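Chain lettering (A, B and C) follows the sequence in which the chains are written, and residue indices restart at 1 in each chain.
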């Protein structure tokens, strides 16, 4: 028996309108209560505070959503899955939260994640790892693993994640759901607890492409509180949901089809390319020559920004403070006890590459190579409209498998990082399963602010494959 | 490239236990070796990217809008006294 | 070697709070003296997730100042993060400007008195003047087991103005600060109030043997709370450094705090760790471009600056350069003077009276010039009476306080109190002869060569005329009469043969 919880966002909106918001919310709340202990997708969900104002009307009326625990909600403890932010209660709403509330959406849960978004598996959370609904022994991906697992497990109709190097797309691929990283500047970062300021974007994680379009209509748009927010008009993304890809030029980058790419994934992705061809798109090969340097650039530049962004976690004004001792102790003890291993790793790395004597060789060089990578995309988009490839080199790996080898973990982001480096929009959409019944994700990347083209192409494939109808057995 | 972990940890305000230190030294050494590959790239004449959007001149007008967050902010502060945030005694200071 | 063989080299770093309504990166008010943490928001509290947005007026003020300081105004400028940990720094980084500041390579002309009393004009280079945000305030004194943090000040726009190490004496340093403060006041970009902290100064001081080109090791001096303190601290530090060098030791590059009570600088107690600020471009702020058109438009809004005003006063009113510089130091003082001389009185006299008598009275009663009970026209009235000899300068010194207290005009007071100067030579002569007759001994002394004896006689004449006699005339007539007496005496000496 499936209650409202298995509906898509679109269907739930209709149900909330017809049957009222309460039964819809109750259905999801009950499922969460039953399944969250298994998945650990949510850090907090508060029954009392989730009640929707029955009067409020808007594009998201009455639909319960989850928000990654690095997005500030006024009056709600927000921890980034870290100990150092235990007891941190923001005194303001992130812009996206304001927008959701205004549209009548009900934020009822805060999703678990890798600590401070540092990770690709949601294992570095200080509050326990998240489990993949398709195989509880496996990771859901990260860092928005809680958001993806919740959507895949029908604990929420949709969720917000954040994507700095793939943290929306990779978990979406591992969990068999849709994940969109908007163009940098498309969605406001105000209220998103920063990791890599010139990379971060908040993005929707949904069951279907249409759901993503619906959410994007609410989230996108210029925010005067964010200096890096683009002043580009927001189209109605739902209007791009046509099954028409005729004439669309789609490029497959040769650098993405390399050794290390799981053969099952390659097969599935190439099959999807064939479908596009069948539907009338033009498939060609393109080159993104500097792809191999992407991970290196990311782990210099993004991590440098992160080390600076995390300086404010010192126990002075918010979060957890280790008491006793003098001022020096305040800083050292609070930070040493508050941050997990991956956070410390990145803080040290970031501090190092910015430090005197190393800035030019590492940080500055990294910024220059970033320019080269951006140029790769600009050149490729002169030839094609969309770039297609696998989202991840492997399907979901086992919990604990890559935790001890940071570099191996980092390399799993090889296909997603380039979009963040270039600032271009990218979407992961399910395109198949492995023999072991693990989801496979296809990634499409587009020109800046052409999310509509992404959604259109993703929609066409989705409607052909109808994978979203398959659910994990929970 | 030498990675003086103590110096960096000091800069980052982190105390590292001995076992942490050795693991970090190893991990960071591996990561730095990996990112070193960038050094071989010829980037002469290439501009640095600090921003991926070609945005310039984003301003706010010089207008006052009170935000009234003080009480909310102080409510959950680790330590506060009256309307102030409190920290351990600062030893060296000017005026 | 002695201390006089050393040359002093000084560079000053001035932080000036810009007088915008809202903070640099958020819309919080910038009002001084607000209740603790009242003027805060997520942005200036450095709350996770908050983001900065630049105040356009702050940039305008910065450009305006750069123009007034003859700087190159950047066509492209950006902000950078300066990373360090301190409880008054909410984000653990200060948003500042590192390699692409808004203003650089400027200069300021200063005037100061050399030790020999002569007047020197000098050009002091300005390396840069850039925008950055202020930090919060920490309260230490009287706080039990801790320090309190107030972030009202965090995020207030600052212009950091760095001079080239062109200053060569504490007096020059003082003159530089006065000149800089005057410029900022005229531009109306800052309150320039050192007591309220809207103007702060750190000094970099070093010495080197005269003739040596290479700079000596410098120390940085902080906790300077007035221009006088800057001057005194530099004087002390130069002596200290000279003593160190003369003792054969090296100067340590360090930060020292000035203790005004003790009149000494002390090394900061904590270990001076080399600051690695790890500057990198601020990713949360986009770059800024200033078209030459915008700069030109801002240039058009510049008011007449102190230097130009001083030149004009010298030209139009024949004031000495020194007097002109003193008057223009404060915009309102110069305005008072200019209004005063509209009444067509002696500019020199007006300048003297304003600088000495009027300011003395105002300072005593702690009244600012713009609230002076004696307005410029009223003061002109007093000066006119002196100019046309109606009263003496000495009498005028008593009239001014009366004008202060009563608000009456000079003419009215002089009339009321019958202070009109006695200039009738016949009457003065009468009094002079009386004084001479009454004091033969003094007259003898004067004849014997004691020139100063005449002073006593002048006093007697003044007493006789109830102070009203014109002192100049008294002197003239007295001298004449004494010579006559001498002559007469000569003539009456009986000849021996």
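Rule of thumb we're sticking to: a residue touches a chain if its C-beta (ideal position, glycine included) is under 8 Å from a C-beta of that chain, and two chains touch if they have at least 3 such contacts.
Predicted model, so just to flag it, every value in this text is computed and none were measured.
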Can you list every chain that touches chain B and also touches chain C?
A
By mean Cα position, the chain sitting nearest the middle:
B
Winner on contact count, chain pair A-B
Taking the mean of the CA coordinates per chain, how far is chain B from chain C in Å?
41
Just give me the whole-number Å value for how far the CA centre of chain A lies from that of chain B.
23
Distance in whole angstrom between the CA centres of chain A and chain C is 59
Multi-partner residues of chain C (at least 2 other chains)
42, 45, 47, 53-54, 85, 87, 147, 149, 276, 278, 283, 285-286
Chain B: which residues touch two or more other chains?
11, 13, 48, 50-51, 53, 55, 58, 60, 67, 69, 73, 79, 85, 87-91
Multi-chain contact residues (two or more partners), chain A:
88, 91-92, 198, 224, 227-228, 314, 316-318, 327, 331, 351, 355
In the complex formed with chain C, which residues of chain B make contact?
10-11, 13, 48, 50-51, 53, 55-67, 69-70, 73-74, 79, 81-95
So, in the complex, the side of chain A touching chain C is made of residues 71-72, 78, 80, 85, 88, 90-92, 94, 189-194, 197-198, 224-228, 304-305, 308, 311-314, 316-318, 327, 331, 351, 354-356, 359, 363
Could you please specify the touching residues of chain B with respect to chain A in the complex?
1, 3, 5, 8-9, 11-16, 20, 23-24, 27-28, 30-32, 34-35, 37-39, 41, 43, 46-53, 55, 58, 60, 67, 69, 72-73, 75-79, 85, 87-91
Can you list the residues on chain C that touch chain B in the complex?
20-22, 27-29, 35-38, 40-42, 45, 47, 53-59, 78, 85, 87, 138-140, 143, 145-151, 222-223, 225, 257, 268-270, 273, 276, 278, 281, 283, 285-289
Residues of chain C touching chain A in the complex:
42, 45-54, 81, 83, 85, 87, 90-93, 147, 149, 276, 278, 280, 283-286
